[in-house]
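Each of the next two complexes has chain A plus one other chain: chain B in the first, chain C in the second.
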Partner chain A sequence: MFFHIVLERNMQLHPRHFGRNLRENLVSKLMKDVEGTCSGRHGFVVAITGIENIGKGLIRDGTGFVTFPVKYQCVVFRPFKGEILEAVVTMVNKMGFFAEAGPVQIFVSNHLIPDDMEFQIGDMPNYTTSDGSVKIQKDSEVRLKIIGTRVDATEIFCIGTIKDDFLGVINDPSAG
Partner chain B sequence: MSLVTESPVHSSSSDDFAAYLDASLDSGSSEEAEDANDDLETQRIKRCKVEKSENVEEVQGSTSQTSSLKQTVEASVEKDLCTHPGSFGDMCILCGQRLAEESGVTFGYIHKGLRLQNDEITRLRNTDMKNLLRHKKLCLVLDLDHTLLNSTQLMHMTSEEEYLKAQTDSLKDVSKGSLFMLDFMHMMTKLRPFVRTFLKEASEMFEMYIYTMGDRAYALEMAKLLDPQREYFSDRVISRDDGTHRHQKGLDVVLGQESAVLILDDTENAWTKHKDNLILMERYHFFASSCHQFGFSCKSLSELKSDESETDGALATILKVLKQIHNMFFDVLEDNLVDRDVREVLKTIRKETLKGCKIVFSRVFPTKFPADNHHLWRMAENLGATCATELDSSVTHVVSTDGATEKSRWAVKQNKFLVHTGWLEAANYLWQKQPEENFPVNQTKSQ
Partner chain C sequence: MSVEPFNRLVKLAARAFYDDITTKGDNQPKTGRSDNRGIAVVVLDALTRRQWVKEEDLAKALKLHSKQLRRTLRFFEEEKLVTRDHRRETAKGAKIFSAAVAATVDGQPTTKEGEEKIKLHTHSYCCLDYAQIYDVVRYRLHRMKKKLKDELDNKNTVQEYICPNCGKRYTALDALRLVSMDDEYFHCESCNGELVAESDKLASQEGGDGDDNARRRRREKLKDMLQKMEVQLKPLIDQLSRVKDLPVPEFGTLQAWEVRASAAGRAANGDSSNDPSRSSHGLGYGGTTLPFVGDTKVEVDFSGAEGKGENIKSENESSSLKVLPPWMIKEGMNLTKEQRGEVKQESRMDDSSPAVEFSDDKKSTVENDDKKNIQDEYVKAYYAALIKKQQELDEAAKKQDELSNTHALNGISGMTSNRQVGMKSKRDEDDGDDDVEWEEAPVAGNANENYKVDLNVQVDASGEDEDDIDWEEG
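And now, the complex of A and B:
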């Protein structure tokens, strides 16, 4: 799920950035530091959309660095247990398949793939129904349900299932 | 008392319960008629509600206390039932629950953070086996260094090898070349002659794995050279980082039934537990540094500007053996497909090599050494020869290191074959009885 929230961060800025462009420097450093990172609480920071407010800078003793408390608006992405998500399959093997939804890596074990889908080996390993009408292979798009999440400092892992109503392939690359 | 009969746990509707709760809270604790049991129930629910509201990460917290209570009960039952067959990022792959302790075998080469329990591995192997057999395929685990290719550090190249640097093939189209300079890894790699044909033909009979003692980055780089289209190995590249034992290779990380796996490696000691699956390869030494590493002082192939034969080299020989094994496994054996064991097939075919030979050793083992424990003795037996300690007329070969011993002289006199130990080793590598005259024993001392 995406959220538009306000976060705060203390930015350390080198004295060489002081001057007319201080604000721009501060914002570009903030984007570099924050965008693409994860936090366990908020999830993956997709993009900074605006600066709410920059507080008074505090000069650090001894170093000359200045700390600014910055409040910024950003879009975060965090998967939740029970959430339905659309993802792209990145790898298919006999254990199940791996899929990605942006920064989130999802594993769907073959226990959680409908029983009528069977693993097929070959150049393009895939899970196929016995009548061959539905096929999950690399680059397929699937709709899945998250049943477990873990958010690390840099990565988000999820366990998913497609063994439920209205879940499974939504777009087959080989058909298109 | 009406309150007792309408106990919350029996109420199916959560709204009813909420109304009941409001009513009972409004009336306050002064309501003396309330059953002690019921009171306890309410307290428990209240505590639960507080916990729920504190848990900010949980979004699907139900508004209804009864159902949330039921959920926790159900969840705990589910937890007990799930066997946690494996984990991905420390979460069970079946129930999604966070697992505290790390257990099972890591499969980092398939995906980061993936672990599987032994039961699950067995289950996967069984289903996979059926799948493979249907496609008439077995598993083949391939070593890299000295088996499929030879690499050297650029700084270890001798002056006589400098000419190679001008002959390297382009990295843009690796499918044609065989000598590559990998500047970013400070390495030069030479693929063994015949390797492309070997992989192509073997891929039709086997599901292939790479298993190397090199590190992950090296293994992936080599896989790119050998398999630029990623059609042979896909994600089945195992490096030393993925093994479960130090300095050992094991089939525990290979998702193939042990009875259907063949291993191609030049180092027997790496596979102590799986010797029966192993086909020992003659080492491929192209670069001088690789020769020195194994204690050979002779000139390397690169220094001699030569190479193994494309059509007659070790890989071509082994490919023939693999074809023979594959053929025997699927077409000759007649028992149930699932019960067949490739190790037995391997043994049978190996035993054909020196069938009918009776061998006596002379000056090969130290005097006090138990002869039938020596690796040459066992090698000869594995190749199908019979070994003996005493000479008699049925003996066909005398394997000796010295032409002057009594047994050697007897062999010459009786017109039996007198061969060097290399004859056995050659037969072991080439899977064929070698012409005896190519392995003469040094006769100088007898004259």
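And now, the complex of A and C:
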């Protein structure tokens, strides 16, 4: 699920950036630092949408670096248990398959794949129904439901299922 | 209202879950001779017929080697069915126990007193823990059902993987770390062994090698299993629901049980003739754990302070462990074991109420009612005893005039039996435990001389009361 929230961060700026476009430098550094990171609490920071407020800078003793407290608005993505996501399959193996929904990795184990789909080994390993009409392989797009999340300080990993109504392949690359 | 439904529960559980438990290590070959499956059931059954029992005695009774029994018991201790207690004791300690056994368990092979040596030995005792058994069995059933159900509609289960080499377990949440680039399997982090999905093991043991129809078959099998479980465990589940609202028989710790059992045994067996004063003195020590002692044993128990200290300690640990007040059982001397256990429990409940009141000076109406009954009974008995005594006291009064207060008490003790004095002081101690206005009732209804005597004893009692308070706070 996506959220638009305000976060705060203390930015350290090198003295060489001081000058007339100090602000721009600060913001671009913030974007470089923050976008794409993941915090267990808020999820993945997808994009910074705006700066709320930049506080007074504090010059550090000895280094000349200046610390600015920056409040910024950003879009974060945090997966939740029970959430339905669309994801791209990245790897298929005997134990199940891995998929990615943006920055999130999701594992679907083979017992959470419908019983009528069976693993086919080959140079393009895949799960296929007995009539061959549905196939899950690398780069397939699947809709899945998250049934468990593991949230570490800097990492979120999910396990999902496609064993439910309206879940499964939504766009087969080989068909299209 | 007895231990019987619980015993039935234990027996059912034993047959359901521990029927083919063997205490032998898996590496030993199971020949026909060394196969000791079923021992567990036998041991549990034997324990249902006992309360606390010394393991040696149990081994002897079951004709088992004590090592074998100990292994089984350790297993049950781990399974939380049995509580055990070990202590180093001399012959004397063992005698306390055997006396307690003799008092409670009738038709039970008791330890012969001669057996005990003076040496210090570590003796182990064991006892069923019914409250815990109830919980354990319920939990076990719950887990069984949950596991099967989860697997059946395996929607929200997190797949678990297990390393066959080192036994380490992983969940699907670890999958990212476990996947290897070389092949399509998961590999153990520590030993690099190939992981197997855990649920596959459960149902596809019989050769269903993974892929094709295995899952479908597994599903059917699980369904079947769930049904079978429900049918086969029905008696156990029924028994659980039957037992649900019954008070759980509780034997307490070994020490508490011994004290209680021996006190109850003495009260029930009647160590002396049933003189009418007996009833009143029986009432006397309702609130305390002081074991009531017969005529001859007075000195022994009072000097043996360590026994007393033990009691107090055990009571501090759990306030519910109190001596069974004999008024509950004095009428039926030949009560069955279960009844006595039951009575014990009730009495303990009753005991706790005055103790609570005593500590925080509050009275709930319910407790009051209960107490009224007890008090009424008590007062009746007390009057009867007083009338009897009045004659004796009349004589005693003459001497009393000459003697000081304390001496007067001794004088009486000299004239009447030791036991009566003990009884009297204890009764008044009980007065102290109960409320004050009631205490005055017998005083008002009696002659002056009695009043005097009461006063003396009250002084005595109040001293004891303070003692009580002291160690309750400490």
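Observations
Everything below uses one rule, namely that the second predicted complex is superposed on the first by the 171 of 176 C-alpha atoms of A that agree within 3 Å, B and C clash if a C-alpha of one lies under 4 Å from a C-alpha of the other, contacts with A are read in each partner's own complex, and residues count from 1 in each chain.
Please note the rule applied: contacts are C-beta pairs under 8 Å (C-beta built on N, C-alpha and C of every residue); 3 or more make two chains touch, one makes a residue touch a chain.
The structure displayed is predicted, hence computed values, not measured ones.
Partners chain B and chain C clash in the overlay (superposition on chain A).
By the document's definition of touching, neither partner reaches A:66: not chain B, not chain C.
With both structures placed on the common chain, the touch criterion links A:91 to chain B and to chain C.
Of the two partner chains, chain C is the only one that A:115 touches; chain B does not reach it. By the document's definition of touching, neither partner reaches A:142: not chain B, not chain C.
Using the contact criterion defined above for the overlaid structures, shared-chain residue A:41 touches chain B, although it does not reach chain C.
By the touch criterion defined above, A:101 reaches neither chain B nor chain C.
Within the superposed three-chain model, A:163 lies in touch with chain C and out of touch with chain B [touch as defined at top]. Shared interface residues of chain A (contacting chain B in one complex, chain C in the other): 91, 93-96, 98, 105, 107, 109, 111-112, 119, 121, 125, 147-150, 157, 159.
Those residues of chain A whose C-beta lies close enough to touch chain B in the complex are 41, 80-82, 91, 93-96, 98, 105, 107, 109, 111-112, 119-121, 123, 125, 146-150, 152, 155, 157-159. Interface of chain B with chain A (complex): residues 57, 59-60, 85-86, 88-98, 107, 110-111, 113-114, 116, 124, 127-128, 131-132, 135, 137, 207, 231, 234-235, 255. Residues 91, 93-96, 98, 105, 107, 109-112, 115, 118-119, 121, 125, 147-150, 157, 159, 161, 163-164 of chain A are the ones touching chain C in the complex. Here chain C touches chain A in the complex through residues 154-159, 161, 172-176, 179, 184-186, 197, 199, 211-212, 215-216, 219, going by the rule given at the top.
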